[in-house]
Structure formats: structure tokens, C-alpha cells
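Labels for the chains are A, B and C, by order of writing; each one numbers its residues from 1.
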Amino acid sequence: MKRHVIRSQDFTPEFLARIFDRADQFRRMMEHPAESKKLKKRLKGRLINVLFYEPSTRTMASFVDGAHHLGATVFCTADAGLTSSTVKGETFAHTIRMFNGYRPDVLVVRHKEEGRLAEGALLLNKIGSRTHLINAGDGPGQHPTQALLDVYTLHQQLGSVDGVKIMMGGDLLNGRTVRSLAYLLSKYKDVHITFAAPKQLQIGSDILRHLDEHCTEYTCVGEDFRNLLPAQHAVYWTRLQLERIVHEDIETQKKQREELARIQKDCFCIDAAEMALMRPDAILMHPLPINNEVREISLVAEDDPRCVIFLQAENGMYVRMALLDMLVNG
Amino acid sequence: MKRHVIRSQDFTPEFLARIFDRADQFRRMMEHPAESKKLKKRLKGRLINVLFYEPSTRTMASFVDGAHHLGATVFCTADAGLTSSTVKGETFAHTIRMFNGYRPDVLVVRHKEEGRLAEGALLLNKIGSRTHLINAGDGPGQHPTQALLDVYTLHQQLGSVDGVKIMMGGDLLNGRTVRSLAYLLSKYKDVHITFAAPKQLQIGSDILRHLDEHCTEYTCVGEDFRNLLPAQHAVYWTRLQLERIVHEDIETQKKQREELARIQKDCFCIDAAEMALMRPDAILMHPLPINNEVREISLVAEDDPRCVIFLQAENGMYVRMALLDMLVNG
Amino acid sequence: MKRHVIRSQDFTPEFLARIFDRADQFRRMMEHPAESKKLKKRLKGRLINVLFYEPSTRTMASFVDGAHHLGATVFCTADAGLTSSTVKGETFAHTIRMFNGYRPDVLVVRHKEEGRLAEGALLLNKIGSRTHLINAGDGPGQHPTQALLDVYTLHQQLGSVDGVKIMMGGDLLNGRTVRSLAYLLSKYKDVHITFAAPKQLQIGSDILRHLDEHCTEYTCVGEDFRNLLPAQHAVYWTRLQLERIVHEDIETQKKQREELARIQKDCFCIDAAEMALMRPDAILMHPLPINNEVREISLVAEDDPRCVIFLQAENGMYVRMALLDMLVNG
């Protein structure tokens, strides 16, 4: 197991099996008051620092609440980009190095720019730090703990990840959860991924290359994705990442955003008709948040028993607890 | 006792008596180091999540500090509207449901929109949640823990709430504290409320209807409120809620705000002259903050021994501690 | 020892010696897991409230992480100016008085306006508060805990502060760290300070007067500061405080900022050439953050073994831990 958690490619199948076992165990313990008290000893006296440069509720809250359930102490700053020394022109390397000096056991960071977290990990290794760094999302880059919870949910709901047929749909270009999940799935046997998206938002060629190299089968489709729904064990849908569609001309940007929102609304939503095409034992996933204007998963689909989106969110806490625990306690 | 704390109407007189006893007890314990240590055991191992979508210092800090004095662990996010998934179009129902999955014992929420907290409570009941929800203010709606601390202060300072004559003045239309307090006072015997406000800011007819139904006497007055000051046991003054006066035309909005600020400054402030009209054993209350530009309670009035505004703020912490303790420990 | 920590002038040499000893002790203890566990008992059950009206990472994080290492509980609000009652027109005196009612053991505050913290301390004394107030920076005023960590670093690196020759350079007008450090150095024997800055940013006459009164020798220089570098035991460089250069005309403000940035870039940076002029046993300090656009300390200088800027930042945590511990435990 590596010292830092930066890219989902770095997880080994053995590591994944161990972390899922531990997440299972923590979930069971949390359901019994006497057992949940014991959990509080696991990170007792440990200090976690959580530093977010981009908005988040889910990832931040699940890390902080999870750390608290394990008895850790947490310092958490939610808008590091606004209130921190960043506004005074500080580099991220300096911020990381400074936090290292305050001796947290784990440093959880979300950053706007792809690759920053990898730089941070190199720096910490170079100076012989004892702090573990976790990437909680680096811009359009990766979000490895999201991938962990997604694969954990597949494992939990379908019994196994090997042999899974999964369709990923929505904004595959800008959504880092899809990227991280594809990397992670390539570690399993006989997985087939169908990427369903409008042309402008299809998955990047770097991911396809990675899947080729790892002999993971995939198909790319557009509006005709419905034909393939009956074959899937899991359908993983995503929100249009409007905030990542940026153009220097505000009018053009607005038009581009509206155009894409219209395409998703018209052709790339999961509603009753799509649910009807899915297998009775399939599951519907979404990393959340769902955009209530677009409703890429309709209210009807959300209420279907095959929709496991809230369980998936809950799993996020257990898998992050397991990760913190494994980094600190081994 | 209900599972969630959403509206002040829901408090029973028995509940109020119990919570005031406990607040008294906690206050006494906090004054002795040895006793305050014992307090730390009451919520030991418990997790409180505090989620604020609107600015606040007082309510947030008193919940968090109070929870800490009881030994709880707290995750607190102060600007949920800016840094959370709300900016990505998430509904409040999804946010609540997600937080439920992280298993906090209590979820304290301030929201911009009236009624959201009631929806949240219904949702939590529907899904069989074990989390308690507390409304820490829902826009122009209610602020039940503020009402609790106000009635607690009346009880503490006047010996009893039955038979109290109280004048509420200032911005009665937009101030949710006045609304929640009026609801709560209607549960006591022989209370008389005088509502003193400019016409545009008088108390809403829904409150008056509620008082009629509960046989609580009231009087509505304007600038001539001074005549009635000598009869009051308590004078409860409030700040002009300028931030709730919104008009699509910025110029008009500015004018409306200035006009109302002028009216409050000229006719609806408590200064030396008003204090002179009050009984020697009367008390002057204010939910704070006082607007230092308008000074609806002047510096002279603030220094009068009958002014209990800081004690009132302090009571806010004790009553919130008692509430958290009763929800969790019964 | 005073009850509150507001100005660096108030520290006595005895206090400084004691706090440095304790910081040394805490650093040693933090390096051994068994010892660091013992540290957690020192502020166990204590509540620290941290209230920041201006952006900061370093000062805030070092206070919070330090308090956590000592076992304290912390409530921390990072943008008090935006999310707090300040936006509703509340005075700082009311905010302080309210927080006092919530009974924190220590209240750490950073404020925009010079002198506010001194007012707060007077108020707390007047009302007989048991809360300790620490100034974590009051606008262009002071930053006494920064001065503490700077002198601690001199003491630690040079063996003694008496007899030290130090050059302070950069923005001496707007940088409060330089002001606070100069005050503190005047308490030691045979110190010589060289102030190196462009005319517009030279040190204020109030500081020079203070040094005269305390018989501390000083020299003021401009671009020719390099001649004096070989004589220094310590070189303390600072960032141009662009955010404090404010003009009502945005264009003029922009020009003024660019002009000063250009002057610092051209004439007042520490690069390889300047390092070459420094003694082999001299140290290079900076309160951080370094502005990466201006690079007042170049990457080459930063990598020089004589550059102790990250150690200095780390010392910030130990000295703040020692301060919290001394205020609470004596």
C-alpha cells in the first residue's frame, strides 16, 4: 500500500479487497451503539486536516463525520481558495509544506487544478514527511475515493465486480468520478463498460487507451444508448458539469451551457421509460449531487428500488473511514 | 416530546418546564470547574452536524460551544449555500438525506426558505432516520430555539411567564424571532402582548389569528407605543431586517430600506426617555445583533441595569445545551 | 503575565524565556508518540474559540492544530466578516461580549482594524470575564504571536537574541509582522536592526521612536542594502502587502500596486547574489506566504540551507501551543 492516495490506478486488487472488508466491518459496528463506541478508539489522538479549494458537501462531510466516528480530531477549512494565503499569492507546494509542519496524521485536499495533489505527494516524500496525503478531487483530474465508494457499492450490491456490465452516462468528459471509476474497473476481470454521452461530452481518449492497455472491453454510444440498457448490471449516471464549461465570452459560455443542458434534458436522462428497460436486478447509481433543473435522474427513477444513490453516498463515509484507518493503523 | 424541533408551537408546557430546569442546572454546573467536567460526559461520543445556509454568529457559536461543553463532537459548515453542492443544483431534500447517511445524532440547520425544515423532518421520519433535526431559523419563518431562550429569560428574570405583559417592537413583519416568541407565549396564561411597529412592519395576521385562537390578549400600536411602556414587565425590541427588504429595482430597494431605517431611527428606538418610562423592575430584551447604524437600543439604554441582552444571549447557549441533551438522552 | 495577549510590547523577558522553554519541550514531546499522547492532557476539556475576520491559513491552522495536539476542543470560524452578524451591523464589542457568554477558555481573534483587540481586552476586563483574548493580527497593527515565533526562531537558530544583527526588508510600512518583531527585539541587549525598503514602504516613525526610547540601534537603507548583508546574523524578508494599498480610484490603485511590485521585483528581492553576500552561519527568515508572482525570496534562495522559513512556520505552532498552555495552566 502506498503512503499517499492520489490516483485510483494505484490501488491493488488486494488493497481493494481489504478496504471493502473493513468498510463492511465499520458499517456493522456503526449499527450497534456498543460497537460504535469501540470504533472511537481507532483514531483516538490522531489529527486529520481537511483542506478544500473547491465547493463540496458530500466528500468533505463524509471525511469529517467518518473521522469523528473513528475518534479523530479534525481541522477543516471549506474555502481554502478564498480565506487562505492563496489570495496572497502562495503556491500550493508552500501550503502543503506548511501543513506538514503542523504534524497532522492525514491531510485530505481538494484542489482546482489537475496534478497538484501528485506534486504534493512527491514533495512530502522528498522532505521525509510522516503525513499521509489523500486526493479528494483535483479539478477535472481524479477523485480516487469516489471511485473506491463506487466500486465498493458494485461489490456490495452485485456480489462481485468481475464480469460486471456497466453503462456510464451523462458528462463523461468533465466528470472526474467517471474517469477514476474507469481506471479502477480496469483492474477487474471481464468488465464491460458502455460510455453513453453526447459527442461533445464523450469520455477522453486517455481513458480508452488505458482500458485498451488493460484489456477492458468498452463501447461508446450516443442517444441510442437505450438499446443497451437491458444488458447492464449497473447504470451509472452523472450530472452535466456546467461549472467546468468556461469560455472567455460570457454570452458564448451561457449559450454553450444552455445547449448542453438541453441535450442532456432531451436525450440523456434516466426516467421511467429507461428504468423499464433495465433488468429487475440491475442497480442505478449516481455520484450526486443531481441537478434539480436538469434532473438527469427523474424523481420517478429516484424512487425506484433499484436506485441506490443514497446508499452509495452512505458507502462514501464507510469507505473513507476504512481508508483513514488503513493509512494510520495499517 | 417530538423527535425533531421545527416550530415553537410544538413545545408543550411540560417540555418547557423541563428544559428550563435543565438549562438552570447546566448553568450552575458550568460555574464550577469540577461540575463542568461532569457535563462533558453527557454527549460524549455523540456527533452533531451544524449546517448553515445563512449568516449567523450567535446561533451557530452557541450550538457549537454548547455541544462542546457537553462533550460532543461537531462538524460545522458556516456557508453551506456557497461551498456546498447547492451551487451544483442539489435540492435540500437530497442534502438532508445524504447527511442522514453519515449518522449524526443531531442535525442543526439554518435555511433561507420558510418551510424547508418541516419538509426535512417529514423526510427523515419517512426513511426511519435516527437523526434529530433542529430548525436554527428558516428564512422569514421560525426560529424556535430563539423563542425558547427568550421565554427562558422571561421565566428566569420575572419568576414566571404567566401573567406577563410584554411589548414587542421594531420590525415585526420580517423578524422571525418575534413570530416564534408570540407562538410560544400563547401557551401561557394571562399573557398580554403589545405589538409596536410602523404600519409597514406590523405583525402578520397569521400570528394574530393564532393568538385569537389561543385566547391570548394583544394590542397593536404605532408611534404612540410610549404611552404603554409603563405597564410592561418586559420590552422586547428588534432590529430592522434590512436584508429581507428586497426589490428587483436596486434603486427602489435602496429607497425602501432608507425610508424604513429613517422611520425606525426617528420613532421606534429605545433610548433614555423610553427607559425612564419603564418600570424599575421591568426588563429590556433584544435578540441581537443590534444594528450600530440605526441603534434601535441606544448605548445609554444598553448600559441600563434593566437591559438583559447579553444575559439573554448567554441563555441561548444553556437552553440549546438542554435541548441537545434532552433530544439525545431524554 | 498579563491576562490577554494584545501587543508584543507587553511580553517581559522572563515570559519570553519561559515560553521558549515550553515550546522546546512541546516540540521534543511531539516527536515521540508516547510523549505526544501526554500532551493531549494539558488542555483536555478546554474550549478554544477562533474567530478570523481576515484571510489566513497559517496562523489559523497553527492555532487550531496546536490546540488539538494539546487536547483542547476548538470552534473556529474562518470568515467571520462574511458569515457573522457583522453583516447585520453588529459592533465588535458586542461580538466579543457575546462570545464571552459562551465561556471559551481562550478567544483567538484576527480583525481588520487596528486597535480593536485592545478594546476587546479592556471590555473583557471590565465585565470580569474569565476568557483570555489573543490578538492573531489586527489589520496593519500588530501580530504578537508572529513576533513570538520570529524571536523564538532567532533564539533557537542563533543560540541567543542578545547581540543579534538583523536586517528586515521588503514592505516595512504595511507588514505588521515587522512592526511586532521590532517591538519585541527592543527588549534584548545590543540588538542592531537594519531596515531595508523602498522609501514609500520604509518603517514607520512610531517604531523608530520606540527603538530610540529603548536604546536599540538601527539603520535605515534603500536599494543599497546589499553592502550591509555580510554583517547580518539574520535576514528577515517580507512580502509586499498589496492588499493594503488601497485607492478610491481603481486605475490609480492598480498603477500604485504595479509600481511597487516592480520596485520590489527589481531591487528588493533575495536571490543567489544576495545569499552569496550573507555569512555562512546567517539565517534567512520570512513570515510567509511568499508571493509567487513577485518571488521576494527566489526559488534558489529558498533551497539554500540557511533559509529557515518552513522551520519558522513550524515554530509558529509550538510557540502558540506554549502560549495557550501558559494562559490556561500558568
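Please note the rule applied: a residue touches a chain if its C-beta (ideal position, glycine included) is under 8 Å from a C-beta of that chain, and two chains touch if they have at least 3 such contacts.
The shown structure was predicted, so the numbers you read here are calculated from the model rather than taken from an experiment.
> Which is it for copies subunit A and subunit B: same residues on both faces, with over half shared, or different residues?
Answer different: the two copies use largely distinct residue numbers here.
> Report, in degrees rounded to the nearest 5, the angle of the rotation taking subunit B onto subunit C when the C-alpha atoms are fitted.
Rounded to 5 degrees, the superposing rotation is 120 degrees.
> State, to the nearest whole Å, the distance from the C-alpha centre of subunit A to the C-alpha centre of subunit B.
39
> Considering subunit A alone, which of its residues make contact with at least two other chains?
Subunit A, residues with two or more chain partners: 78-79.
> Give every residue of subunit B touching subunit A within the complex, in rising order.
Contacts found on subunit B: 45, 47, 49, 73, 75, 77-80, 82-91, 94-95, 97-99, 101-104.
> Touching subunit C in the complex: which residues of subunit B?
Per the stated touch rule, the residues are 30, 36-37, 40, 52, 55-58, 60-62, 64-66, 68-69, 74, 76, 78-79, 239, 243, 288-294, 310-311, 313-314, 317.
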